[in-house]
Structures are given as C-alpha cells and as structure tokens.
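Given below, in the form of structure tokens, are the structures.
The same chain A turns up in both complexes below, where it pairs with chain B and then with chain C.
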Partner chain A sequence: MSIQPTLIAEGIEATSRREAGISSRPPARSRRSGGNRPGWSTTIVLLLCAITVVVPLYVTVSMAFKTQAQAVDGNAFSLPAPFSVEGFVTAWNLTNFPAAFTVSVLITAGTVIGTVVLGAFASYAISRNWDRKLFRYSFYYLLAAMFIPFPVVALPQIQLTGLLGLDNPVGVTFLHIMFQLSFSILLFTAFLRSIPNELEESARLDGASTWQTFWQLIFPLLAPMSATVGIFAFLASWNDFMMPSLITSNAALQTLPVVQSIFQTQFSNNYNVSFASYLMAMAPAIIAYLFTQRWVMEGVTQGAVKG
Partner chain B sequence: MTTTTAPTAPTQAAPPSATTPRQAKSRVEGIYYAFLIPSLELFTLAITVPAIIGIFFSFTNSIGFGEWELIGLTNYIAMFSDPAILSSYLFTFGFASVTVVLVNVVAFLLAVGLTAQIKFKTALRTVFVIPMVVSGIIIAFVFNFLFSNSLPVFGQATGIGLLSESILANPDLAWVAIVIVTAWQAVPGTLLIYIAGLLAIPGDVYEAASLDGATKRQQLVRITLPLVVGYVVINVLLGFKNFLNAYDVIIGLTNGGPGTATRSIPMTIVTGFTGGDYAYQMANATMFFVIVVIISLIQLRISRGRNAV
Partner chain C sequence: MHRSIRRTPRVLAAALGLVLVGVTLTSCSAGDAPETVRFHLSKPEAIPYFRALISEYNAGQDDVEVILDSSSNLQAGFLRGNPPDLGLLNYNMEMARFMERGALSDLSDMPEADRVLPEVQQLVEQYATYPGRTSVLPYSVMAASVIYNQEIFEQQGLDVPQTYDELIAVCDRLTAAGITPFYGTFKDPWTVAQGWFDYTVGGEIDVAAFYEQMNELGTEVGPDSPVSFQKTLAEPVDRMKVLIDNYANADAASKGYGDGNLAFAKGEAAMYLQGPWALGEIAKTSPDLKLGTFPLPMTDDPEDLEVRVNIDLAAWIPEASKHQEAAREFLSFLFQQDVMDAYNAAQLGYGTTTDAAPVTDPRIIGMSEYYAAADFYQGASKAIPQTIPVDNYLQGLALGSGVESTLKTLDADWARLAFRR
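Coming up: the complex of A and B.
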C-alpha cells in the first residue's frame, strides 16, 4: 500500500467533494477539449504507459503456465507452449498454499472488522462527548500513532508480542488494527460531525438506548466511511510483509507474502513454480479489486485526500 | 482560490458540532466509556508502551535480554560515526527524494491524460490502479527476475554494456531498480489524488483561458498546476514519509545488497533484533522517529498555513 494517512486532516468539505469523485466528470471539462472528439494521441500515449503496468503481470501469468523445461530458458516474454499447470501443483504443495491463504484471509478479515468496529465505537464516543476533556484528549492521543511508523516500534513490539504469547497471526491482526486505528478515527469523526443531531434526538425520543442508536442508526449511516476504512485496512493487511515476517515466529503460520520469501531458495530456478506461487498470492487481491474497483478508487481518493 | 485550499482544511480547530445539546448533562453515559476505553487500552499496550520501552532502552546497553545499564547518550553519539548507519540514512533519503519526484511527475502527467477526452477511459484507469493492490514483496520478486534475467539479455543484444549484467548486482545501479519498482507501486495512489484535484477545477476556467488564446501547454502550466498545488504538497510529503519506510520492495529485490549498498533505515533497525545491538538500534529508531515527526509537523504547518490564507 502506498497511501498512508497523515495529519492533514480536513473538515467536512471532503465529504461533500465525494460527490465530485472519481466517476463523475464535470460537464464543462469535456467542452475544453473541443466537442466530443476523443483525443487519440493522448489515448495512444496512455496505452503505451499502461504496458509498463501490464508487462510484469503478463510475465507472471505466462511464466506460471510454462513447463519447467520451458521456464528455465529464462525468456520471460514467450507464451507458454505447451500450456502447463504443473507449476501450480508443485507450488500448491510445496508452500502449503491452503494454510498460508487461510492465515492471510483470517488476518485480513480480523483487521478489517476490528478496525471498522473499534474505530466506529471510539469515534462515536469521542464526537458525542467532545466537550469532555477525556474524550477530546483521547482523540489527539489516538491520532498520534500517525507519527509512528512500524519500524520505530518494531523491536519492542517483537519482544512484547513474544512475552505475551502473541508472536502469531493473532498478534499480527491486533497490531494491524492498532496501526489502522488512527486513520479510521480521523475519517469516522469527520463524518460523524456531518450527521445532524436531530436524527439521534428523535431516535432517543422513541426510547432507543445509546447502544441501540449506535447500531440501528449511526453504524448504518457510517457505511460509506466504513467501506473506505475497510478498503485501506484490507490493502494494508493483505499485502503487508514486514510485520508478519517479524512478529510471527512459526513459519507454518505465515501469510502469503511472507511465504513467497521463505521459499525463495527452494524455488531456485524452477521459475514456473515460483511464478505460479506469486500468481496465486497476488490473484485474490487483484480479482477483488476488479469487482469492486469503483469503491476502491473512490475510497482511496476520499481517504487520502481527507487523511 | 478555494479550490487549492480545499484538501487541507483545519483538523483540530473544528470540534464535532453535535455536542451542544448534551453539554447541559452533567454525567456522561457509561456506555460511551465502554465504547472508548478498549481502544485506549489496546492502543496504549500496542503502540505507546513499546514506544516508551524503545526510547528508554536507547539510553542503555541492552542486547535485548539479560542485564543492562544506563549509558546516557553513548548510543546516539556512536551513531554519528557509524558508517553503516550513515550510509543507510544517505541511501534512504536519496532514494526517497528521487522516488518522490519520479512518482509525482509520472502520476501528475497520467492524471492529466486520464481526465482529458480519451478513449477507453474507464479501462485505462482500472489498469493504472492495479499496482496498488499488489503486494510489494511479490512484485519485487517478479521484477527481480526481469532485472536479473531479461534486462541483461536486452543489454547484451543492444550492446549497452551497463545493462549486460544484472543491475541488482551492481552497487552503483541497484538503487535504480528499487526506485523503479517502488514507483511502479506508488504511482496509482498518487494518481488518484491528482485526478481528484484535477476534477475539482471548474471547467469554465479553461474556457475563459482558451477564449483569451491560451494554448494547451499554457493552460497546463499557468492554470492546472497552480490550482492543484495543494495536492502536490500532500502527495510529496505523504510519499516521502512512505518511502522512508522502504522495506518490502528492497527485501524482494536486493535484500539490502550488494553488500549494504541499498540497506534502508528500517532494515538497519531490524538488524537490532538478530544482531545483538538492540539498544543501539533503538537509538537509531528513536532518531528515525524524530525525523518522521519533524516531517509530519512541517506537513501540518504547510497545510494549516495555506488554509489560513
């Protein structure tokens, strides 16, 4: 993940600017390019640039489907001939793909759910009690983690998780949530400010408790923000290498990215096996992205511009 | 211009507005504590306590276990004459500076293209964002193969001596590979922010300009650039801070080598885990922390200052 939250927090403006987000294009823009004629020269330049994105992905796919005999010739760009899945079979068994995949899924799901729920809880409490010192200072306190990248606290965290018996995927999930918390609280509190108080007042008049108000009224209203927070948490957690590689002590409980590094030496020159393994590790996130791309693009834009 | 200040409104100056009716209440409902306290406790345990432990041990001679004693600033003083530390700072800052420029230039130009009148707009955007969802270390392994196998073949075929051997094995060129792969991954996020910035510019500004006879290039330099300068500031500072934390991509490409030519600050810090100089690397981490805080404060100041105008 390349985007990290910062402290350039912003007020409510970004929420309203969301409407002008990725997908909508102000009509006036089209006029300046002179009518509806698409700019072919720009399109061609962009298509050429897109090749730089596609080539590494193409190489990964084509290498993965080669036989070992063809893969060792080192020609990255040739098409697989014959088409073979032996790389996948070997990689699946060698790296114990199902185990690593399960660990990755559990850590990512735990991180997404934990970040959204804890973040929404804390933000709701903070924004509704802003006049209380405890809550106001808590906000600044929780936000301070944006100043602390993982490498700064990595060594003590490795020691502490070891002492507490958390040198495993549970500990990784926990730390992922904690590093995402600041950003999610920043986004949630900004959004909660824009929810009119009358809504809650009327729910309370109907006899709803704070707990009920939160779950039945506030949390559903937070959905678009939860999506943004969740997307950031997903990308940060699924693709992370540094933290699981340092925190989890048992190699059998490692995530997909870490497993690729562990098996580097065993892959040696069996490029079809290594690339099949890379492909299986990359594919879930890419497929998920292709199905949810509008959300991802809007969420990232909104989160980054706001954060 | 309101458009330029839009992305950086104040944060802490604006308290949540919805509190007024409840100010009369004298007691806070207990459930609000139940909502807040778990986060505070877990956060303290996960981040604050390790940070304090780390800073404390940076003043000791601990090797991570066993006995230790306080040694004052010795670790900090030693850092300034340690070639391993100095070279990792030099490399990391140099790498981050080059990458941040490259990423922003490429992302800005792509964003201009992607917001213009083009064919396949949606498909192109979809493709350009893909690198953002790919794990850094895995794509670094893929590029590792290309740099050490395919690029030398190309270099030999075209007679470019510099490329005829793997650039990853060349201490003077390995950083270029790291810049390329990091940029490959970082462009999409930067690009999306620029697209948001470009779409926030009202179209009639361009209309007026073209009526006055401004060319496309003049419009880009005189209108577009000044109006997205706020987004440039965000992207540069965000990117720089991210790139200082470079780890995954470097592990996948060079693992810090050849020798220690491409060892970043985070990689150096982590050696304290296995290398027996725990306290010393905690001093390094503390120093790194101070630098990150300074950059963040600059960032806050710039965004606030611009907003006040």
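Coming up: the complex of A and C.
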C-alpha cells in the first residue's frame, strides 16, 4: 500500500512528458514559418519544463550507480563515487528480473495489440452505424466505463477472475484491454468521422466486403491514431501496479512494478537498489516513447485539426 | 509501403494469438509433479536468507517444492480462495482480522506450538482470538526502545536513566553541553506513533489491559467512561509533549525517517526513539558507531521499565490451503532452533521459543533482561484500527496541536467506530 506515491509520480512524469511534447510542437512550427526570431520566452518556458523531467532522471541514474552508503548520505545530486553496479546486481537477483520483465512485456504487448484492434473494430462499427440506436447507445455505454476506476470494482473482479481461472497474466491483459477500451474508442471514433465516406464507397464499388474495406482501407488510414492509442495503452499497462498485484495469484508470473514494490518499505531505504531497478523498468517505456513520439504528436494534431 | 501496412493487421493478430497462448501455457506448466507449497514472505531483508533455506529444503527431498512468494496480495488471495499455503510475516491487527474470522488453520497440535514462549503467544491473542485454535506461531520478535549513542553518554559522563526524573536530568545536561538530546523525525507520522507515543504510553500504563477495557466499553468511551484516551493517556501524552517541545531538534518537523538515521549516525543527537530496524540503516553510514538501547523511563520506579515489542514474523497456514500437510512439514523445517537463531541474530530479533539462543548483539542487549522477564508491551498506536488515522493525529500533536483536543478526537473516533461495527 505504500507503493502508490511512486507510481503516481511515474504517472505524472509520463503525463508531463506527454504534455510537454504535445504543447511544444505547434509553437515551434509556427515560429519557423514566421521567420527566425529566437523566441526567448518560449525557450525559457520549455527549458523549465525540460528541467522538471531531466532533474529527476539525473537523480535516478546517478543514484542507481551509487553504493549503499553513499545512497543514504542525503546528497541526492552528488555524482556516484565510487561508481558501483551493486544496485543493479541486487535488484536483478531480488526481483528475478528476466521473468518479471518477460511477463510485463507479454501483458503490455497483448494490451497494446488488443486495445488497438478491438478499439478500431468497435469504433468503425459505431461511427458507420451512427444512425442506429443500438450503436449510438453502445458508444455511450462504452464511454461510461471511463468513469469507473478499477479500485471500485476490484473485489468483484478478483473473485470473477478467480472463478474463471483468469487469475494470471491473461486475465490482467483482458482487464487492461477493457479498461483502456473506452478512451481508445473515443479517440478512434472522433478520428473516423474525419475520414470521408466516399473513400469507402469507392472501395465497395470495386467489390470490397466490409472486412476488406476495414483492413485494407480504414485501418491503414487509422495508423496515426492507432499509434496514439497504442502508446496510451502501453504506458497504462506497463506502469500499472494495482491490477496485476490483485489479479495475478502466482507470484512467479508477477509484473515488474509489483515485484519492485519490495524495495520500498517503511523501515529501510535502499535507494540505489530501487533506482537501479526502476531504471531497468523505465528503459523500455522511454525507448518506446523515443521511437514513437513522432506518431503520437502527428496523431494528436491530426485529430485536432480535422476532427 | 502500402503493402507492408496492409499486412500489419494480420501480423498483429497473429502476435496477439501467440502472446495469449504463450501466457496460458506458462501459467499451466507450473503444477504437476511435486506438490508445491507457496510460501509468502514479504520482508525484503529476509528474502536472501529464506531463499537459501528453500533451495536447501527443495534439494533435500522430492515430494514438495516450496516456492517463495514475496509479491502477491494477501487480501486478494484470501478473497479468491487461493491464499499462500504458508505465511511468515509481520503480525498486526490487519492480519488478526483473518484469524478472527477463522481463515487460519489450527496449529496447536504441532510440537512447535509447545516450544513458543507463553508470554509471546499471548501477544498474538491481544489483537484477536479464534475459539479453540492456535492459528499463529510467532517466529521472531522485535524489541524496541531508546537507541542511544554510547560515545556521547561516556563523554558527558552520563548513566542510562532509570526514572523519569533521571531522564529529564540527562536531557538537561545534554542540552547544557550543546547536544540535542532526542532526534525527532516528525515528517513521517509513523515515527511519532512508533517511538514517541508508544514508548511514553507503554512506559506508564498497562497497554493490553487498557485496550481490553476500551474494547469492552466500545461506544461508551467518552469523557465519563472509566478509561478513555483523554483520561488514561493524558499524563503520558503530556510528558511526550514535554520531551518533544524541550528536548528534540528544532528542525524535527521537516525531517523524515531517512534524515533521522543519517543524522543520528553522524552523532547529531544522543538519543533516538526508533526500533532495531533503524540500526541497520544507521550502520549503512556509520558501521562502527557504538550504540545501545534502554527502555524509556516514564515513572519514578525502575521496576516499571518495559520495552516495546512487536511480532516481526509469525507463521500461519490458511484453512483454504490445499497443501496443509506439506506446509506443516516446511513450517517444522523453518522452526528448527538453529534456523530460527540464525535469523534472529542476523535481523536483530528476539527468539520466541523456550530454547532460543540468547541475544548477543551489543546494540540490543540492553533490552534482554526486560524481554526475558516479559516486561514488554505491544505499541499502543498499533492497537487502534487503521480506520482511525492515529499516526496523523499524533503528528499533529508533535507539530503543536493540543493534547486534550487530540485525545478527545481519538475517543470520539473510537466510539463512532465501535458503533459502526
């Protein structure tokens, strides 16, 4: 229970990173089109934003390489001296890192793929059948799920997954997809409305079935939004603590954030071990974001302009 | 470019399928041949020690395979009907709830149950009982009292105080010499409750008897009831306020537990109200610092001295476990005397059995005479259900709220909670 703050902090960091990224692009672009004025005020604001991300990251990295004695000396900003990888070794052994990492990757991959595919399916059906009551109401129904946080339904979900034999990573993946679905459908549906119907009609004239139209025409057009949805799903699933901790019953199949919780106790501070472990856990999220941020921004701005 | 995009959905779908199948298979594969016993242990410092024990046990026979579980959620496990087969963890009121409802099996017929010291077994019963059962076997006890810097005491020519007046005299002499008597870490509410509140209250009143009466009174608790927080605890809490206001560091409000360990390790104060768990943290900075422990004197009679204890680890086997016999065998393995002694020596714990080896670590040996004589109490703040934010109330006290109003609030909360149950 003492674990929540860091996770929240991680979440905030992720959000701020996203926000910083999203808000930084448009002014940069407009400035370029307006000439080569340096724009100091914007630069300073962005610099301050960058500091809020870089400083904690610097502390994380330097702390991870400190010895235990140096880690508790109260100087968070000092450089590691002597340089030590003992934190990484301890974290690796204590969490059985490769196993937990594999489970985390599988759950996250399943969630991302499931969310994108199911979200696109549902949104396509809803946006193209908007005139029918069933579809319109099912849209509202799915959106309503956005207002149900997991903790509220945690107890029945634990029992239900237990009864169905889903008290394992598969169940966690299903639940992650479900909880991610409403927000994804909101994004996809808005985006789909901007795709002209004529495109589909021309495909149908050429004899394409609904299935073919979707896979060969619509889904490729959805790519930027799929990237956005996928990244949201990735971050939510990778960083989630509560759901896997409650749903998975076999400790050997636990995800990284949960096995890492053993570093944080009331009575002991193992900063170097915990930060080394967080660094190893953070790495995939940062790498994924670095490679995909182009699509996130494109997706968001495209949706914003056309929708 | 277009062709590759067209192909991605199929690749994605195939990958999803593979992922799901893969996960299902891994979750199935663990189970068949030897009987598995899931062993829940959540104390991080103890994991390496018990991991070694488990591999020794697993290598020694083929029938049972013990799996260490340090991350699964207990409440969820009990709710789902598949709790761990053997638990070895901190025993507190939250854990007592499971016992109270009969979720833990009876272990009274095990020979290990007869070895447990009766006065230690009684600590378990202070929180809850289940008729006719001994469901929880204490494995290790942590004794906590004032940690003091022996070098500072020697330099100043001070003796360990035995009465409240002597304590005040020691504090005054330290202050006169320019040394902070106590290091407070009020930023972390639990440190106020664990040290300041529990030591002062436990040093003066009979904690177990007080809460027994409080539980009987239930909704009756108030200004006119025979016992209450505002009446019974007024004096010790007043004295706690005196110590905090006069003898703690001035910046205590902004210091947390980690800061306290660091500062105390650097000799910035003479006394520290923490338990043995802090000793390991202090040793990270100053491994050779000479430290000792003594019970906080709160009365004028040295006979009243007592130390605070808590059951650091206790073993239990759930009713819902399908491998109770195998779990019992492993429990017997863990309760071998040398296994227990080695654990307690490493973690600065006190033994719970009649044949336990005596404590030798100089840092905690100061408490051994009190522990041996059963002069101990469980923390007063720990007997209050977590629904009442007692740690935060006490932090408020440390930061300046009034004693009377805070204790009145506690009484009102206690009565309201009793009414709701």
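Everything below uses one rule, namely that the second predicted complex is superposed on the first by the 212 of 307 C-alpha atoms of A that agree within 3 Å, B and C clash if a C-alpha of one lies under 4 Å from a C-alpha of the other, contacts with A are read in each partner's own complex, and residues count from 1 in each chain.
Here is the rule we use: a contact is a pair of C-beta atoms (placed from the backbone, for glycine too) under 8 Å apart; a residue touches a chain by one contact, two chains touch by 3 or more.
Note that the structure is a prediction, hence the values are computed from the model and not measured.
When the two structures are aligned on the shared chain, A:F191 is found in touch with neither chain B nor chain C. In the superposition on chain A, A:Q159 makes contact with both chain B and chain C.
Of the two partner chains, neither chain B nor chain C is touched by A:F232. Using the contact criterion defined above for the overlaid structures, shared-chain residue A:V116 touches chain C, although it does not reach chain B.
Counting the residues of chain A touched by each of chain B and chain C gives the higher count for B.
In the superposition on chain A, A:F183 makes contact with neither chain B nor chain C.
When both complexes are overlaid on chain A, the residue A:F88 reaches neither chain B nor chain C.
Looking at the shared chain after the overlay, A:F97 reaches neither chain B nor chain C.
Looking at the shared chain after the overlay, A:Q254 reaches chain C, while chain B stays out of its contact range.
In the superposed model, A:M146 makes contact with chain B only, not with chain C.
According to the touch criterion, the shared surface of chain A, contacted by chain B in one complex and chain C in the other, consists of residues 74, 155, 158-159, 246, 261.
Residue ranges on chain B touching chain A, taken from their complex, read 6-12, 14-23, 28-29, 31-33, 35-36, 38-40, 42-43, 46-47, 49-51, 53-54, 57, 64, 110, 113-120, 124-139, 141-143, 145-146, 149-150, 153, 184-186, 188-190, 192-193, 195-196, 199-200, 202-204, 206-207, 210, 219, 231, 234, 237-239, 241-242, 244-245, 247-248, 251-252, 265-266, 269-270, 272-273, 278, 281-282, 285-286, 288-289, 292-293, 296, 299-300, 303. Against chain C, the residues of chain A that register as touching in their complex are 68-69, 72-74, 94, 103, 106-107, 109-110, 113-114, 116-117, 155, 158-159, 161-162, 167-170, 173, 215-216, 219-220, 223, 245-254, 258-259, 261-263, 265-270. Put simply, chain C touches chain A in their complex at residues 2, 5-6, 9, 12-13, 15-16, 19-20, 22-24, 26-27, 30, 38, 42-45, 47-48, 67-73, 76-77, 79-82, 190, 257-259, 261-262, 275, 277-278, 280-281, 284-285.
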